[in-house]
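Below: the structure, in structure tokens.
Order of writing sets the labels: A, B, C, D and E. Residues in every chain begin at 1.
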Amino acid sequence: MSLLKVDKLTKSFGGLTAVSNVSLNIEKGELVGLIGPNGAGKTTLFNLLTGVYVPTSGSIKLSLDDKNSRELGGLKPYNVTKAGLARTFQNIRLFKDLTVLDNVRIAMHQNIEYKLMSAFFHFNKYYKEEDRLKEEAEKLLDIFNLSDKKNELAKNLPYGEQRHLEIVRALATKPAILLLDEPAAGMNPNETAALTETIARIRKEFDLTVLLIEHDMSLVMKICERIYVLDYGMMIASGRPEDIRKNRKVVEAYLGEDVNNA
Amino acid sequence: MRILMKKNLLILLCLIVTFVIVQVLIMNGIITRFHEITIATICINIILAVSLNLVTGFTGQFSLGHAGFMSIGAYVCAIINSRMDSTLGFLIGILAGAVAAAIVGVIIGIPTLRLKGDYLAIATLGMAEIIRVIFLNLKITNGAAGFSGIPRYTNWMWLFIFTAGSIILINNFIRSSHGRACISIREDEIAAESMGINTTKYKVMAFTIGAFFAGIAGALFASYFYFIKPDAFGFLKSIDILVIVVLGGMGSITGSVIAATILAVLTTFLQEFTAVRMIIYAALLVLIMIFRPQGLMGTKEITDIFKFGKREERLNGRRNR
Amino acid sequence: GDKNANEDGTKELNIGINYELTGPNASYGEASVQGIMMAFDEINDAGGIDGMKINPVEIDNKSDSAEATSVATRLMTQKNVVACLGPATTGNFQATIPEAIGNQIPIISASATGDEGVTTDKNGKVNEYVFRLCFNDSFQGVTMANFASNNLEAKKAVIIKDTSSDYAKGLAENFAKTFKSNGGEIVAEEGYVTKEKDFMAILTKVKSKDFDVIFLPGYYQEAGLVIKQARELGIDTPILGADGFDSPVLLELAGAKALNKVYFSNHYSSLDKDPLVQDFIAAYKEKYNTDPGAFQALGYDLGKFIADAIQRAGSTKPEEIKNALASTKDFAGVTGSFSMDKNHNPIKSIVVIELKDGVQATSVKVEPK
Amino acid sequence: MLSIKNLNVHYGVIHALKDISLEVNEGEIVTLIGANGAGKTTTLRTISGLNKATSGEISLEGKDITNIAPPQRVKMGISQVPEGRRIFPEMSVLENLELGAFLRNDKAEIKKDIEKIYNRFPILGNRKRQTAGTLSGGEQQMLAMGRALMSRPRILLLDEPSMGLAPLLVREIFNIIKDINNTGTTILLVEQNASMALSIASRAYVIETGAIVISGTGEELAKSNEIQKAYLGGE
Amino acid sequence: MSEFLQQMVNGISLGSIYALIALGYTMVYGIIKLINFAHGDVYMIGAYIGFAATTYAQLGFFPALIISMAACAVLGVFVERIAYKPLRNSSRIAVLITAIGVSLLMEYVMMFFVGAEVRSYPKLLSERVFEIGNVYIKAQQLYIIATAIILMIVLQFIVHKTKTGKAMRAVSIDKDAAQLMGIKVDRTISFTFAIGSAFAGAAGVLVGIYYNSIDPLMGIMPGLKAFVAAVFGGIGSIPGAMIGGLGIGIMETLVSGYWNSMYRDAAVFAFLIIILILKPAGLLGKNTREKV
């Protein structure tokens, strides 16, 4: 049984159908790419998966184990996150005026184990939990060597590190599936290469399933095991990178003729 | 218990020293009845400002109705305390006033907190007006004529206990995971939701806690000034509280405390300048905002200032615009 | 040494003035203080009280009750006042009562008309240090209700009151009670709030009702506009009010044409031939170039009254001033001569004035029971 | 044409640009490359006047413009496609384009120019009434370029125009840049996609932590080992 | 029936007074997102200038109106330069507090000079009352309604059809980007304040004549109502301000007329809150959810 099963998902804005009848399957542990021209509906699909938009029709099923399968469509974003989906944003949306550490700690809120009264009176439980939180947060920050900057304000980080922090923050919610929206945007080839490796690494370390949107083919073709291609809101192709690269429709709509940048 | 940590003991010591010093000064007559009124105003305004700061400064929800919650606390306490003329009655009155304000906070918060920015401001303003009009027309509150003859139980000790208690509790809350959840809403609501935070729940929570403490402040107010009437809790009062919060710095508890103190002292000082007091006050307000738009403290706390090298435990909210 | 003595040996008498000089009630406070100052100037020009000049210490209470408490305390504990005048409105005055009792310094208001909890406490016991020199709401309300029933033979009345004012609330309640006991009926009770300017909605509603008089407790600022708009809407029944009507501003706002069949109760009438009244009006006119209103006249009397009490006390001790105030007999003021009753309320007659084309045409005196 | 001498810019205490000097000659495409946070955007913003220089001089065709207000610079022919596009999201596509021609008064010509933009970016023509904020990233990028061209600039500053664009479009954007250049507009191009930028640029500057470290022709730099390692992902 | 018609006349004329003030208000509000609490006080000062021009300088209605508008425009620009401009990059609430300071300053400087007592206006406009089948309509009500409608059209034209209007909208969205278009941000904002304040001045004179009563604190309530009307109609929408103003006027009148005037403000606010809950961006506001 697949971990995430999207069936005939549609979203329209007024007259515009941004996502139209899209179906896809993601198995546990997979690393899947989602590509397509600008405006194809990739981000919209993410927004549907994470509850930011309510689908016009269609279903999104998450099955963490064989017994339980949940419909995610129509859930509020925080409930989707609780169910096990975490994301990053195409336009970075960090808590800019908070410290790096706080950015991560906020994402860990749903796993906190003390109650409101502890928050007011700082009982022992509070201290124990806060210590645990801090430790875990620092561990996560270590992935991108950010723990030295844990007391910096997020907005003062260089662009690339902000993108890294977004990933850390998403990981802090302990997701089963991680959705990355253009993680390499604005990075130079060196930085992209480093990011590619990191994604591969965290995926193993955290036993994650990853779905990522990216226009940088050097990243997509290198680490994605499977690729879905959207165009005008419709799924026009899916398959292994080698096949996608040769797919006529994809080349015409998206890659262009001389694909030699992978 | 970690409550007995060095840091907490130190705070406790400071509190006790402050209390004792003022108490001794009162007993020696160095702090007169007149100064005491200023102190009472300061304490009540501190509670109001700190609680509004939680809603507006930390959670980022623009509320123009804080005086409404204050009035609920004031009337409930006044009514109970007038009928039960004892310290116990006073304490029951305060608790009942705070709880009543909190309940109204939940009832009003759930539908209105879906609104954003100025739309929320209008809704909270309207809500406070509704509360005011109700008090104006109720029999038990004696309507426009006001409620007079409230026994005075509020004294320095109670003021101190409730003010220090409010500051500590709200400060603790802000430094907890729940408090960080509130702050994340201010920073970016969409991102907060995507990080698993039920933003509606935490907005309502902040709003309710704010209302609860505003209720306490109202109760103390009623019991200190003998007399309350609905007019005293109009939208201008809400604005006054907001002024303290912004002047101190949105997102700084210390700022609220300092601004409440400065403004009360300033108002008292300006009493002497009858003809121009409001002109001076207004001009100072404009000047302070021009030269310190982020408020006196920005989002810094007093503890940040003493912690140069060790930035470890800096407070969550840190907005320097 | 005497703490009130000046360097040059003349003594000064500090008298606190705790009034609404900013905020929504500023115009009433301002008017009252004008009257008080006029009285003080006259007294000081005439040599003061036993050679002591009156030194008014004026502090603004922002039309706010908590501030009034603070100002009263300041005057009493920091400024060595022997007595405090004001505030003008009942609520703010009430907020200073505990301070007067606590500090044992007399306070007097010229316009706090509330029935309960002013000069007496909850249990009906007199507040020793608290005085006023205006009649209370019930006296005016009852008088106007009787006037409506007896003189105008009205059976049905409409009340339009300022819901945000303690003054209007007291008047309306007393009017309604008496009017009903006279066999009349209150067919509608409508409200507005201070500073409002548009009354068309309630007037239109009222117009559709069947009634003989409108009772309009409230101050001239709104009453003037209510009357104007009522007449424009074709409502020509008598309109009754109380001392809040007494101001030249009423005429300016309503216009002469609208001010017919308008009756209000007051402390005195400008028609009164008493030289005290005529001299005051003339002096005021000379100084401010307009007619005085009730607040000014009451303020003027208040200034004279406290001076008189100090003179009679022969002392600047607050306690003795208090005793002198309490034992006042036949004090002759512009707003009527009066004695203090045991509850520190003046026993005063009331006049009901009729306006014709905006000017006082007739006045009827009603003696207190 | 555009010349910058010893430019210094600070953000509070941060010294973002340190003694930068560069030249752009008439008709050239000059590219400025460098890592994140190196100061590329700051350079462009300072040229447009959105940031104040602490010291140094910027001149356009020999005229010192260092202390001139930004709108005046637009009038003199400097136009910019800012980082993050900065279109007016609540306005329609057409209104955005019209605003690009804010300083012009020749209505007929403006109309013609809008048509030209639609020819160049047909998707904009199809969406002229759509609220610009709901366009996809790539569509917005085109709009930002179109808008900048509407002022008929003599020199166009482009800040990472290929960011977030699909591969096909990236190539197209670079073609368009070349095209715009061919019609006589001088171009200063900031890019992360260094290989593409270098391939169309006549000359290039490399900026590192606020200072220019290397400069040369596009070809030279593209071949340079250092550049290969640092920016082109070469081994 | 005639009572209902009369109430509608009352409601519309009260509402058009709110709208008159709200229009100038929403203009400034829409452009720099400033809750300009001082707008009501500019209106008050406009009324006093008109009062001075007619009473002391014995001028007629139109000269007084023009003088008041011009003086208020200057005042508005001056206040913006001194008090708001230094806070361009500060949080909105900080500017709000400054505006409150400015508002208090104008109120009490005025009170310092003219006293707290109300004044009445000389009779400058026809006091005719038309009686149409038991419904009374004052000529002045017609003037006010007409002025409000004309102002709305003028503003709508300025903002949507003129170049300056486009500049205003661009500045309101993104100041840096506007500069890159060649728009002079400071000048655009000044212009906005000038227009908004001039309209407030006009409203001051008209309403002063209509109610025949002015005082230094007269701006507080209308200023607040204008804010409510602007938000209710949808922030930044000019027809929204008009509809918001009219809506509040009519609601107040209907509550007073058919229910209980004592609960009027509470009822109107309750109704407003309900409408906002149903339409969270006001009547004409577009509920644009941020694209993420």
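Basically, contacts are C-beta pairs under 8 Å (C-beta built on N, C-alpha and C of every residue); 3 or more make two chains touch, one makes a residue touch a chain.
The shown structure was predicted, so the numbers you read here are calculated from the model rather than taken from an experiment.
The chains in contact with subunit A as well as with subunit E are B, D. Between subunit B and subunit E, the least number of touch steps comes to 1.
Farthest from subunit A, judged by the mean position of CA atoms in each chain, is C.
The chain with its C-alpha centre at the largest distance from the centre of subunit D is C. Here the spacing of subunit B and subunit C, counted between their Cα centres, is 37 Å.
With centres set at the average Cα position, the gap from subunit A to subunit C is 73 Å. Put simply, the C-alpha centre of subunit A and that of subunit B have 41 angstrom between them.
A separation of 43 Å divides the Cα centre of subunit D from that of subunit E. Residue positions of subunit C with contacts to 2 or more other chains are 21-22, 24, 163. Each of residues 136-137, 190, 275, 278, 319 in subunit B touches at least two other chains. Each of the following residues of subunit A touches two or more other chains: 43, 52, 89-91, 93. Contacting chain pairs in the structure are A-B, A-D, A-E, B-C, B-E, C-E, D-E. Within the complex formed with subunit B, the subunit C residues making contact are 21-22, 24, 58-60, 62, 64-66, 69-71, 73-74, 77-78, 90-91, 94-95, 97-99, 102-103, 114, 117, 121-122, 162-166, 168-170.
Against subunit B, in their complex, subunit E makes its touches with residues 35, 83, 86-87, 89-91, 93-98, 100-105, 107-109, 111-112, 224, 227-228, 231-232, 235, 262-263, 265-266, 269-270, 272-273, 276-277, 280-282, 290, 292. Every residue of subunit A that touches subunit B in the complex is listed here, in rising order: 50-52, 76-78, 81-82, 86-87, 89, 93-99, 102, 105-110, 112, 114, 116, 118-124, 126-127, 129-130, 133, 151, 153, 169, 172-173.
Of all the residues in subunit B, the ones that touch subunit E in their complex are 56, 62, 111-112, 114-116, 118-119, 121-123, 125-127, 129-130, 133-134, 136-137, 190, 235, 239, 242-243, 246-247, 250, 275-276, 278-279, 281-286, 289-290, 293-295, 319, 321. Those residues of subunit A lying in contact with subunit E across their complex are 43, 47, 52, 89-91, 93.
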